[in-house]
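Labels run A, B, C, D and E following the written order; every chain starts at residue 1.
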Amino acid sequence: MEIGLTHYLVLSTVLFSIGLLGVMRRKNLLMLFFATEILLNAVNVGFAAISHYYNDLTGQMFAFFIIAIAASEVAVGLGLLIAWYKRHGNINLDAMSSMRG
Amino acid sequence: MELYLYIALFSPLVGALFAGLFGASPKTLLTGVVNSSLLFASFLSSAVLLGYVLNGQTVHVEMMQWIAAGNLYIPFGFVVDQVSVTMMMVVTTVSTVVHVYSIGYMDHDKGFNRFFSYLSAFVFSMMVLVMSDNFAGLFIGWEGVGLCSWLLIGFWYHKESATWAANEAFIMNRIADLGMLIGIFLVYWNTGSLQYDKAFAVMPTLDNITLMYIGVFLFIGAMGKSAQFPLHTWLADAMEGPTPVSALIHAATMVTAGVYLVVRANPLYHMIPEMGLFIASLGAFVAMFAATMALVNRDMKRIIAYSTLSQLGYMFVAAGLGAYWVALFHLMAHAFFKALLFLGAGNVMHAMDGELDPFKMGGLRKSMKWTFIMMTLASVALAGIYPLAGFFSKDAILEVGFVEHHYVIYTVLLLTAGMTAFYSFRLVALIFHGEERYKVFGFHPHEAYKFVLIAMSPLAILAVIAGSFKSTYFDMVTKILPNTEYHIHSEVTEWTMIIGTQLFVILAIFFAYKKYINFKGENKEFEKRLVYKVLINQYYIPYFYEEYITKPYRELSTVFWKKVDMKVVDATVDCIANGIYKAGENTRDMQNGNLSSMLRWMVAGTVILLSLAVAFGLAVRYADEISAVLSGLGA
Amino acid sequence: MFEAIAFYLFSILTAVMFYITVTTKQALFALTALAAGMIFISAFFFILGADFLGVVQIIVYTGAVMALYAFGMMFFDTTRELKERSGSSLITAGLSILSAVFVVLIFVAPIVSTKIQVTAPLIAGATNSQSVGMVLFTKYLVPFELAAVMLLVAMIAGIVLAGKKMDRSLTLMAEEEIMIAEEANRKVLL
Amino acid sequence: MLSHVNISLESLNIATLVPMLIPIMGALFILVLDLFKKDQSKSMYVMLSLLFVMLDFGSLIDFSIDFSTNGTILGYFDMMLIDGLALLGQFIIVGASILFIPLALTSKRFHEFSYPEFFALFLFMISGFQFMVATDNLILIFIGLEMASLALYTLIALHNRSKSFEAAVKYFTMGALAAGFFAFGSMVLYALTGSVEIHQMAAVFNADEFANLPFILVGVVFLLAALGFKVSLVPFHTWAPDVYEGASASMAGYMSIVPKIAGFVVVMRMFEFLIHSGVVWLNVVLYVIVVVTMTAANIWALVQSDVKRMLAYSSISHAGFVMAAVLIGTTQANSALFLYWILFTFTNLGAFSMLWISRQKNLAAGQSSDHSYNKFAGLIKVAPISATIMALFMLSLAGLPPFALFWGKIYMISAAVSSGYIVLALIMALNSAIAAYYYLKLIIYMFMKEPEIDIDNKVYTMNSSVALRTIIGIAVIGTVFASVVLNSLIEFITAFVYNSGY
Amino acid sequence: MLDHILSLLIFFPAIAAIMGFVVHKDSAKAFGVAVSVIEFVISLYLWFAFDTNVSGMQFMENISVVPAFGINYLVGIDGISLFIVIMASFFTMIGIASLGDMKKIKNLVITLLFLQMTMVGVFAALDAILFYVFWELSLVPMLYIIGAWGGPLRIYASVKFFLYTFTGSLVMLVGMLFMAFLYNQATGVWSFSILEWYRLILPLNYQLWLFAAFFIGFAIKVPMFPFHTWLPYAHGQAPTIGSVILAAVLLKMGTYAFIRFSLPMFPDAAAFFMFPIAAIAIIMIIYTAMVAYAQEDIKQVVAYSSISHMGVIILGTFALNVEGITGSVFLMIGHGIVSGALFFLVGVIYDRRHTKMMSEFGGLASVMPRYATIFGIMMMASVGLPLLVNFVGEFLSLLGFYNQSHIATLLAGTAIIVGAIYMLSSYKRAFFGEVTNEANRKLPDVNSRELLALIPLTIIAVWLGVYPKPLLEPINNSVKSVVMLMHEKAITPEGKSRIPSLENKVAMQTPEAEVK
């Protein structure tokens, strides 16, 4: 059984969906950030696979930059969380709804 | 001659403005005197013009342009010809008398100056009406007299009934004016001009239907002003105004404007005899109809008003049957004696502190000798007894009916003549003869001022002698009106008719005297009869109008405002606005501030777009299969 | 054959790990599962011949990112269970499954494009790291440098946000309070 | 084996990087300066930043002259793309930044401005947006986007109060999701075309005659979601009101303009060729999104009780309005987009500045939020000039002639009408009518009501300083006298857009 | 001077208004009076310099503003607009002159001067966008006037006024832009010049749609049934000066625009829609007159009467012949004067008693005879008595439409009846009868300040009723050329037959371009 591009794309999609699931249901902000990491990782798999099947490095480049972006996001995200936590003592998402309407 | 024309026309206007200046100030005799003199000047000018016209010449001037738009050209143009000069004479004569009379009559009224202003304005309007050389000018006068009538009927504006009557008169006239206006439009669009001469010159080329329409609509206008059925109710109510007003406007001049219109438009009506017949029939009907109401009425002025209505019916009969000169002649004669009658009634009213019910009077001939004489004279003239004015004019109309073979009309008119005599002398008997019932009510009657009586005397004289002008008049006026002479071919028939009529009328007079000269108590039994009830309630027509037109109109208006405008039209607009706002209120919870749901919205949006994409993608990919399946289904 | 076995094995492993990450109530489990999943992902990179990427994945993610998260977790004290209301889990699950289904539905059909022009082809005979380096420092130099700046930005942001100066807010303090605070600050510094 | 790469330096056209490098240099300069000499006055940083940004603007002018003579400039392995769109986008980005920076010079102190890092991050952000618009490579777009966004999140949070953290976290989290979408969408398109450059993709699609339409649509959907988030299209707009409310008013005003224009340029690059290639689906979907964005945002704006939140929704609505240009896709429409946005910059920034000038530190009794409507009740009595200026901005936003946005509006509607989108034009027009209501509401509060809350008169100009007043003055002039420069503006924009092939 | 007299006329009040900010509030009224008198004198000079024999545009100015999009500052007047412009400046003048002691009078004066600019601008503009600019801009001062000096419901009323008209005009704007697009299609250049647009012959279906788009904008402004409900609120809540200007000038914008835009540009559509519009006009006339009859507030009576009269104007306009259109233009002026005066009069009594309910009054004629007299004259003018100003217009309008439809005119003619009904009954309720309310017994009669406004209006009402020629002639000339243009442009047989051709041709514009 040959593993084709389609397999990888499907895998990527499934992982992406898992990430979406996490994004939507997580109330703990930290764990919500985990889910966004999953999203990006899922995409990375796809890029690597396409790159492989097309014999093209662009995909790998994209994946590489996505990793860099993910890393930066973590830094900023954690910074925000720490600032919030210092003030409110929690990182619960539901506690965060002073603005509405 | 133009100078005289302008003097005749504008001196009343000058008077109106002059008096108007003092409108709000307390009474000044000056206004009365000045206005009367100006009217007299107008009268003199008219007389000069009459002399001029009698020589067979006419005056036609165009003062200035009024309205010009497109092909329409309306000037302020005035014409003094045989017809208008007749009217001018009538108007100026009666109004001069009434002006002088009013100085006495309105002596104690706060609105003395105002009254003269209105009265002169009325005369001016009436002069415009009769002198105009086009339909638009006629309409100016037409509306102007309507306005003055409104002002004068509602002169005592603190009285609810007076203002009500004024409004009724104005609005009813307006209904008719619409007809008139439509008639004018028809004339313009079919003949291209509103000038009498030009329009009438073109009319013979028009088809009959158009002419019919023109005739009908113009006559609707005439019906309103002359208070013909069914627009007659305002006239009786108009008696709320001061009595000189009733004499001038609602007896002698304004109400005859309708007749004047038909006479003026004789070339038109000549071409549509069917319409003429209708006019005549309506006239005959109104003559009878009004007379019946006069029979039982208990209001002095209303009785005279109904009598006026009845006489207007006569005039329309004549005009409708093509005897325009007869109509005009009766108009003139009627103006004199009816004005006299009203002025006399005014004297009586004055003497009785405004009391109008003749049943509360009686025996006044002792204290008001001259008034008694003059009113009797007027009544005799009205009844058409030889040799007074009424005889010559009214008999002529009867003859017209007979000669034209409209025997039904003739019969109706004859009967009406009897009734006329009856109610006139019923009134005279109740007021001047019999017991002095007024004493019960504590009245102290007194004769009017001397100068008032003197002022009335020209009318009295004219009421007596007007008949003698007949041939002069005929010669003059038939220069522009059809000069049909109405002679009954057999002398025997003629004499039988004249004598028969006279006898019939005299009989009616005696009957009235007999019944009312020694009137004691009221005839309760008679009052319970249906006939009496119908008549005293004016055939329930005012009731009908109130109940089925005025009230529904008022209610419908309220419904339109409160229900339709507020609840439907406006509410719809507000509903749209509120709907939008409510939509916002109801959906703002979408933004509930919770990050999870915000993320969900975002994912949901993507998924929806995805599903659309998939659906579209599949549809494109399997387009052939789908169309095959659909065609298999017969789609 | 080996490739297939490896693919399926790692697919299942990553999916399970990630699933655990997004569902478990224990933050520690989630962190561990995430780390594991990321390592498994690097396996795909190796399978696909993207060695450089695989290494970067392990170093950056499992090394740096996970370390950061671990520090964060210690700071937040999230070892205790966090009550999560899952009132609308149906919507959540539904949406994610739907999205997967839709995309998969389309992906099961093969891509038919024949007009693809490769812009940065693999260089024959070079190792993956070599070719990556080649491309990265020619064509993708600008993004690369920019990424560096981005990391700088992230660093500054992280420092600033977590820094001590954020503890008191000038935004909320009245002008007098700020004055007093500044005085105090100056004294401390002196 | 690897062979050596020989590239001539001229072919790289390194100069194309200059506009982006200027702010980066500026940022680094500020950081270094801070290292050496602490505790400098913020005014110094403001002026430094302003200088750098103006320098940036100058370089753009230079490029635009170059562009109008030589046409599109490619640089650095075709990574950089300086065409009319890029230049116009950068003009707006940099121009709005010039107007924004002086807003830091408030007379009251706010937390963020006490950081030199604030200005550094701000300059980085500008550079990020500039990169975003000056390339058609998805990778560079993505990195530019992320760099700018990360800086922006921080800038919002630096305002340092509870709401601004909340706003930053919300924005950040949703931004992360959007980044995932962007990456996924890029992946799909990459899978289809083997390229991450938009013009290349277009070439491949056209060569294939869109054979893989379902695939393309999947990619488009994810990109639409990601970019829709950036330009706040419904239903990806949910961040906007909260973030605007949480951020400081000046920052909110800035956010309503700069990130969006960057987003619009990308959207235009990405979707314009798809629209023109007859992908009906995209037409329909965009149509619906445009209409829903305009209408729904308007409707929500109606019910707001806070002026800033209202302006947030109104900005969403304006974005929807402008998005119509992408749907219409003619040169006139695309020019209208830029015209509209330039005019919008003046008006909207002016309006937010008016809020900024009246921002007090603590709420008075009876006041529910920073900029609640009732705070402005009876303003005409207290501060007539402020009230008049605010009313001016509101009228302009409502599209009342002859103020700035009216011209943008008619040009846009005219574009719609001219390409047969009559119904869309009507919807746009009617939406303006709905919008008029909430703008009017503020005017009514200011002019026709009695003051409700007992606040000191000074509140309304609490933060006033020469700098702020100058900026507002510029905004007023731009708003009122827009018609004077309109012609040259239209000609300029049209030439740029047309020469870029849009 | 003469080359730029229109610009002077438009911008003089605006500049004065800006300068007015500096004027101390105690002198604000005097300043306003001075400015408006100067403006009025200029407008009179305009009339003096106007060549009544020329039917086309005069005093034209053309400055290119946005050549890339065909927007010009193009102004000019002809006989149709001349008198409305004069009327606008006249009403502003007497309006300011008769202002009493009001709060914030300075703001009011400044607002009025701005309003004057927009009013003159609308009637002088010959560029669609310029027209639109002034058209919309006029909403703002009016919004402020109603909203700041109005009655208890003033905010609701002002917002309703603004939003309603704003919505309508936005639809109109789309129509304008489409028209410009069609012009662009036909000629290859952008232009918003109305005179250029006149040269365009459009196919019927375009005409119909464009007509509809413009119609919505104009109909709301007029206001035509069923878009009229903002008007009673606006009038009911507005201060006297607001009502006066609203009724006298602002409403005319709609009817004027019909003549300026709809008729010459879409002659076939005008002919096509003639009867539906006539039906609306008839509903306006009768229905609103009945509603007016039911009112309890005397100001509402006048407000609804305005709508009713506007019905006649619309009818005259859509007669599509010289008589009708001339009549409707004249009636615009007549109605302006009369309803303006009536609102002034209502204001007089409102100032004294702070109520407008008729049930509060009664017998005013004996307490305030001068007031009652002027009111009476104006009322009679309103019901269309000959020799007063309204009659001429009403007569011509109805006369004109009679050529198109007999029945419709008969129905519309009931205006003279229903008008009399509500007017007379209101007059009776307020002025006649005994003085029942003690509060009314000591009311002072009109004072000299009020007479300052009322006497000129009365004189004009009579003068124009007796001698309308000075106005009628220029109007007639200009209308003739409009009708001629319409006839020439008409493409459908219906249009050709409905619009009369005139023999003696006065060349104005000959259609050139045609949209395929």
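FYI, contacts are C-beta pairs under 8 Å (C-beta built on N, C-alpha and C of every residue); 3 or more make two chains touch, one makes a residue touch a chain.
What you see is a predicted model; the values in this text were computed from it and never measured.
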item	value
Where chain C and chain E overlap in contact partners, by chain label	B, D
Chain pair, most C-beta pairs within the contact cut-off	A-C
Chain closest to the middle, measuring from C-alpha centroids that were averaged per chain	E
Relative to chain C, chain with the most remote C-alpha centre	B
Approximate Å spacing (C-alpha centroids) for the pair chain C, chain D	27
Averaged-CA centre spacing for the pair chain C and chain B, given as whole angstrom	98
Centroid distance [mean C-alpha coordinates] between chain D and chain A, Å	26
For chain A paired with chain E, centre-to-centre distance based on mean C-alpha positions, whole Å	65
Chain C, residues touching no fewer than two other chains	91-92, 95-96, 99, 102-103, 106-107, 109, 111, 116, 118-119, 131, 140, 143, 147, 150, 153-154, 157, 160-161, 166
Multi-chain contact residues (two or more partners), chain B	577, 588, 591, 593, 595, 599-600, 603-604, 606, 610, 613-614, 617, 621
Contacts with 2+ other chains: residues of chain A	5, 9, 16, 19-20, 23-27, 33, 54, 56, 58, 61, 65, 68-69, 72-73, 76, 79-81, 83, 94, 96, 98-101
Which chain pairs touch, all of them	A-B, A-C, A-D, B-C, B-D, B-E, C-D, D-E
In the complex, chain E residues that touch chain D	64-69, 71, 129, 132-133, 136-137, 139-140, 143-144, 147-148, 154-155, 158-159, 162-163, 166-167, 170-171, 173-174, 177-178, 180-181, 184
Interface residues, chain C side, partner chain B - complex	88, 91-92, 95-96, 98-99, 102-103, 105-106, 109
Chain D residues touching chain C - in the complex, by the definition given at the top	1-2, 5, 7, 17, 24, 31, 76-77, 79-80, 108-112, 114-115, 117, 120-121, 124, 127-128, 131, 137, 139-140, 143-144, 146-147, 150-151, 153-154, 157-161, 164, 191-195, 197, 200, 203-204, 207-208, 211-212, 214-215, 218, 248, 361-362
Residues of chain A touching chain D in the complex	5, 9, 12, 16, 19, 23, 29, 32-33, 36, 39-40, 42-43, 46-47, 50, 54, 56, 58-59, 61-62, 65-66, 68-69, 72-73, 76-77, 79-81, 83-84, 87-88, 96, 98-101
Of chain D, residues touching chain B in the complex	169-170, 173-174, 177-178, 181, 213-215, 217-218, 220-222, 224-225, 228-229, 234-236, 238-239, 241-242, 281, 285, 296, 299-303, 434, 437
